[in-house]
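Got a structure for you, questions after.
Chain IDs A, B, C, D and E follow the sequence of writing; residue 1 opens each chain.
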């Protein structure tokens, strides 16, 4: 299923004019505070009636101002996790979670116990929302949306209030949701780690306009686009296949350019994985370095370099045909003579690639086996 | 000024029993969702009446259940940024910001225009809170607390809803606040980057109890403590002095172990800085590596290694007397024979140390010049 | 003065019956009206609002007279009722209940309207995104959240209905056992020199009844509003 | 029938004056009581609540009579007033205002109480952490946020005061220019054979006045509640 | 202070007197019971005109009126009314009223409290008509409301004053109760102890012939 959004709306002091297509999978809305992310999500959910809009899921037209079509929110079947949790204060956590259940019709639903387990809500089921902590509220809100068997998930900064450990538990679940079900997800987040891990498509917004949009791998490794997102988070995504699980807790992954050793990933040999490597975690050397604690050294060719105003240089590498980004200082680039066409070695520490950055794809993007 | 907190409180299904001392500067409350962070902050603010408590700022006893002392919230003079922004809906942004101004007495206040500038609120001043985005609300809430000239700042996840760019603008301001004024800050955050950058003291909570507490440098570089915080965020903090600003956008900093070249820091030569280096950003080599794009190579000695269940090894190094953490794989540790007492070289990429991780201390911790 | 036994108890029972049914029967209309005034925009909203307040502004006698015009045996509504059910409501306790309901209606509606206005519409939106159709949202979100206000409105209306007299006696007169409620009994005694002790008796009785209803409702309200706060 | 000019206008002006002062003077007490009932816990809260509802439950005539007993020239409070200010309020327009205020009080209090209950106490907490002492918090946070409810209460009370009659005529009689308000004028005309046109006239007039007040208040309320929502 | 049912007549008479003497008079109309209680509580009234003797007696016992000034000002007649054009009812036939009532009710003011009701009950008892109708009453808080019930067709018959019946075109008199069937219907008037000379002259005026003519014009039996 795919989502197509075309919106124009004026608010006092703010004008939104955005259009993007979201293929199946997770589409991340990225942008600064006040860029218009929540406004877009509200329009998709039908909570905002835009001046002009056309929103289509697969072939269901949710709203088309030209044609005078308007589907009311409750028939849009979107699961919306609000930026503010908006739990029903008069219902228990359990009743909040099951609120949407009676409207799911015959669509397949996530099993209640499973969602509760993943989100760590078991101990809270009989509590009242007023007595929950900020993060607990947000987890209940996520569960409530998931259990309404939506045909589109809208997540507005769902994990912002959560600690990393909790995030690390919930992210794989969202991943599985993305891969197992065909539910498209519109995901608002400030965290490039989350976005890189989940998103198939990234839409970068600024002041109500789309700055750039496209497949996550492209946008996140496009130095120009990366500027809009925030330099620190630039990185590239390599696709690989799990080759073996080693005894010392490392997983060996074959990527186009060679082998990577990463901290254990819970995936069978043969499973396809996406590995995000932040540009700043990549070191370059002209000769293959020896005696370093870094285990992963990939041969690569410089495709382009881009110098900004700062001290850094973004280097686009081709590693076995795949794109790899490295961010080094200008001084190093000059010293090592990193120019277009130069051959070099990319050094990536194993532990630099934290677990949060590795996404599992049980099913390869393409026909299932 | 310093803060001392001793609390016991029972809620249905949750028991808080925590005690810690917060020296001047920023004290970070760290812990998972539902650990009791907000509960503690509420008790300090006087919004919760704990079963048993003693809260002292400097020598003002805010509350002492044994002695029957209870200062009502409005006389505690705490600036509280709530997890939910709690703006006054009937007042404009400007009126929200100035709400506390009339109660400041003769205490020095932050200049209005300055706070508005730092938080990027100028365009919002005449708006109503209902029409703000999530991040905008939170910024107004921060400004409101700052402008009330508090003698203690309570920040409950103030930056969670903000994008990195905005965070990077606000953090230096909080830093300056910490250093210029003597206002102690109790800071709840899930982000180790924020905590490492700001915190002088870290208090790690779990299920209502203090797991460990102490100076930020110690706690954040203590592998045991780091486990509680989340392995990914382990790192150490080096203190140095700005030596020179180079033309290519790099700043040279002298630390005990040698020189570091970092992306430009807006500080005068001679200024003292804290540089947080995440354990995972440090590579080790037994010989000084050549021809690497990494500019910073510090000689160091292994003080201890700690192997967990995972594939990683946390290596504690002494670099010129300062503590440096490195996280490498077990495989590398074995290959390079990293054992206690071994001499080695620590490799740190310049760009690994993002600006968010560098804190400026105009005034050295100690007597001012 | 306690010799007047059965007639008094009859009046009290009748008052309770009338007030109860006045409130019970008008509650749905009151909720609908309060909700409409709080949430909807429609032409004639101002007129509806005025109409609701009318019984408050008009002297009760006038309201009673208008009721008589409409529901009397010759009135259009009265005839319709007779045709439909084979009996009108004039001179019946049902008529007294109608008069009490109409007099109490503005109080009930105002309380409900305030309660609905205080509900955060974003909660209703959230329910909508979960697939709940508007009526279901109303029943499961709006109504429970407005419950304390609805209860307050019902209590006000009940108190008013217990005390109502002017419109009632004008509309359905004062027939023992049928429409002679406590207030009209009190009125009767007030007209006679020297009956003050009887009046006191009756006043005390009706107070006791109304106040116990009030206090019970307070207890319920407290529990309700704690639930609504989510504690 | 429009020949009775001045007397009618006098009654209308008086009604307005009485209703206005009844509302204006009781508003502070109404706000305080509504707030106390919504937020405080104190012994005797139930009693206070009952007391406030009393005028609603009692037949107006009884309330008027009780007022007469207390504030009449022979009553204890009446004597005290006379001693203090050299003049009582019985049979004066001030007395009419008192009667109207007391009759309208329960309506006002209930609306205010509901509005205060709907305010999120966490906003008041937030104001407290900013250094605002409780009274200031009340004035700058609670009061403005309750404003729509307070207005609603005042409007209800005003409407009730405009229509009040039973207690007024019992307490202060119906003296032209002093205590003959529109409702008591209506009452007197109702007692007289053949005065129906005058009654209609009066009813229409008082309706016009009350409804315009109502509509103006609605407009204000709408603006207020938009502000309170923060839009 | 005067009973409300006297309003138009008294307004007329007093206006005439005011014009003649140039003295301002303020009239307060309400139910007799209300006014009597107010006077008992010290209301600033100079004259009191009651709709029945009971409340006057009540004040007299309290010493709140100046007894020697008491006099009956006007009188009234009790009639049985039916809808306009209704045929006369024979009061000597005990079955006539119940027959006319059918399953309707007889509208009266409160028979135990309001003067018109008390008089009406006395009259019916005197004529041996009470028992059959005692359970068929629709009692109202005042005689005007009883009249309205008949006028609007809600009650087939009602017992009201002649003055009321005359002013209401939608009813017609079906029978007149003989004067001896009930205590005399009079409006006693008296001055209060605080009344000044002017008030007393007004009382005298109201008892005089000119005023009687005015009262008669309004349907009362003047100068009783």
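A few notes on this one:
The rule is simple: contacts are C-beta pairs under 8 Å (C-beta built on N, C-alpha and C of every residue); 3 or more make two chains touch, one makes a residue touch a chain.
Since the model is a prediction, treat every value here as computed from it, not as a measurement.
Graph distance from subunit B to subunit E, where chains that touch are one step apart, equals 2. Within the contact network of the assembly, the step distance from subunit D to subunit E comes to 1. Looking at subunit A and subunit E, the chains that touch each of them are C.
Put simply, the chain farthest from subunit A by mean CA position is E. Taking each chain's centre as the mean of its C-alpha atoms, the one that lies farthest from the centre of subunit C is B.
Residue numbering shows that subunit C and subunit D use the same positions for more than half of their mutual interface. Put simply, the C-alpha centre of subunit C and that of subunit E have 35 angstrom between them. Our note on geometry: subunit B versus subunit D, Cα centroid distance of 57 Å, whole angstroms.
We define each chain's centre as the mean of its Cα atoms; on that basis subunit A and subunit B are separated by 27 Å.
For this pair, subunit C with subunit D, the centres built from the Cα atoms lie 20 Å apart. Residue numbers of subunit C whose C-beta contacts span two or more other chains: 61, 165-166, 187, 190. Looking at subunit A, one finds that residues 84, 131 touch two or more other chains. Counting partner chains per residue, subunit E shows two or more touched chains at no residue at all. By the document's touch criterion, interfaces exist between A-B, A-C, B-D, C-D, C-E, D-E. Residue ranges of subunit C in contact with subunit A, taken from their complex: 122-123, 125-134, 137, 140-141, 144-145, 227-231.
Across the complex, subunit C meets subunit E through its residues 61, 64-65, 68-69, 72-75, 90-91, 165-166, 169-170, 172-175, 180, 184, 187-194. Every residue of subunit E that touches subunit C in the complex is listed here, in rising order: 31, 33, 36, 54-55, 57-58, 104-105, 107, 110, 112-114, 137-141, 145-146, 148-149, 152-154. Those residues of subunit A that touch subunit C in the complex are listed here as 45-47, 72-80, 82, 84, 86-90, 99-100, 103-104, 128-131, 144-145, 148, 154. Against subunit D, the residues of subunit C that register as touching in their complex are 46, 49-50, 53-54, 56-62, 106-107, 110-111, 113-115, 117-118, 148-149, 152, 156, 159-160, 162-163, 165-166, 183, 186-187, 190, 199, 203, 206-207, 210-211, 214-215, 218, 225.
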